[in-house]
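Below are the structure tokens for one structure; questions will follow.
Each chain gets a letter, A, B, C and D, in the order it is written, and its residues are counted from 1.
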Amino acid sequence: MDITEHGHEHVGYGGDKTQILARLRRVEGQVRGLQRMVDEDTYCIDVLTQVSAATKALESVALLLLDDHLSHCVAHAAAQGGAEGDAKIREAWAAIARLVRS
Amino acid sequence: MDITEHGHEHVGYGGDKTQILARLRRVEGQVRGLQRMVDEDTYCIDVLTQVSAATKALESVALLLLDDHLSHCVAHAAAQGGAEGDAKIREAWAAIARLVRS
Amino acid sequence: MDITEHGHEHVGYGGDKTQILARLRRVEGQVRGLQRMVDEDTYCIDVLTQVSAATKALESVALLLLDDHLSHCVAHAAAQGGAEGDAKIREAWAAIARLVRS
Amino acid sequence: MDITEHGHEHVGYGGDKTQILARLRRVEGQVRGLQRMVDEDTYCIDVLTQVSAATKALESVALLLLDDHLSHCVAHAAAQGGAEGDAKIREAWAAIARLVRS
């Protein structure tokens, strides 16, 4: 465990880092594909279907990140308890609220 | 703290129980209002606007419940650590995933 | 077709009115069940699962209403064309945007 | 108006094509930024915030595409009426349902 430049104790993304990066590269490919589709005047409904797929893929990246965060950072902070533990849980909750509303 | 019939250690909804119940009663009122609107052939767009409002209200109930759950049950289980702590975090994650996808 | 008090030409919910009302009554039952669950201190995760179910049920009511609205009101207005047709499409789009964002 | 290779009568994205492409390029930049953040072990919560922003940006692309589609393709098909008009409205509804559920 090390202290990142943002001052957070950081326990990394665990074994999921490779998987998260692979998924993000796939989302990048989908978004580039979308530009090509729009550029070539692909029928709107087909473009919309691909936008929904990219959105779902981003959502699954978010859930993977959240899984790591709860299992490592939050579990670790809560185990230590006190104000630091409470702050970490509050911070995680705010991130979840942004996801649920997005 | 007591053990509920579902075998979960339970720390309650804290001070939020009254607020959660009040919001749920308001959602019930919105859903009854929706039935009246449909029954009286209210213009679809006005009904849709009210459905969006009720959905947002339910979402805010979910976030309130999640806040209590993370601050009490999850923090408590994580502080104890071990398999029980891991299971609680996994369970919370699954509930969040259902919310994000709903 | 008749003119409603809101000044909209109204073609009703078609055969779906009964189905929409039945679904809304079911949502009302779910929301009442939620109040009972919270009142009896049901474990938060079980309450959250039921909130997700009610949210999905409301979403399906919205899609049913939208289906009727597009098939009847929008199709009718678009067939007439002109400023009225454009306004109806703009209004439907705004309602869809609220749904997608809720 | 021309017939695309997919057999759809196509009226294009109107003046929005440039704007849609610009937004998609921005989303691509956000997704590349996300890969860099994960690669450099940026704190999970900051990554999650950026995922929520990219998701919202994709959502706004979807709403822009839908706006064009309803105003052009659907309005045109509905004006012609008949089975073709009905099919276009059904197809748009299905795309909206995928968006609302994603």
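In this section, a residue touches a chain if its C-beta (ideal position, glycine included) is under 8 Å from a C-beta of that chain, and two chains touch if they have at least 3 such contacts.
Note that this is a predicted model, so its numbers are computed, not measured.
Participant: Measuring between mean CA coordinates, which chain is farthest from chain A?
Facilitator: Result for the farthest chain: C.
Participant: Could you give the separation in Å between the centres of chain A and chain C, each centre being the mean of its C-alpha atoms?
Facilitator: Their C-alpha centroids are separated by 31 Å.
Participant: How far is the middle of chain B from the middle of chain C, if each middle is the mean of its Cα atoms, in Å?
Facilitator: 21
Participant: Quick one: which residues in chain A touch 2 or more of the other chains?
Facilitator: 59, 62, 66, 92, 99
Participant: Determine the shape of the graph in which chains are vertices and touching pairs are edges (line, ring, star, complete, other).
Facilitator: Graph shape here is a ring: one loop, exactly two partners per chain.
Participant: Taking the touch rule as given, give the residues of chain A at its contact with chain D in the complex, in rising order.
Facilitator: 4, 6, 8, 10, 12-13, 17, 20-21, 24-25, 27-28, 31-32, 34-35, 38-39, 41-49, 51-52, 54-56, 58-59, 61-62, 65-66, 68-69, 73, 91-92, 95, 98-99, 102
Participant: Under the touch definition given earlier, write down the residues of chain C that touch chain D in their complex.
Facilitator: That would be residues 59, 62-63, 66-67, 70-71, 74-75, 78-79, 81, 85-86, 89-90, 92-93, 96-97, 99-101 of chain C.
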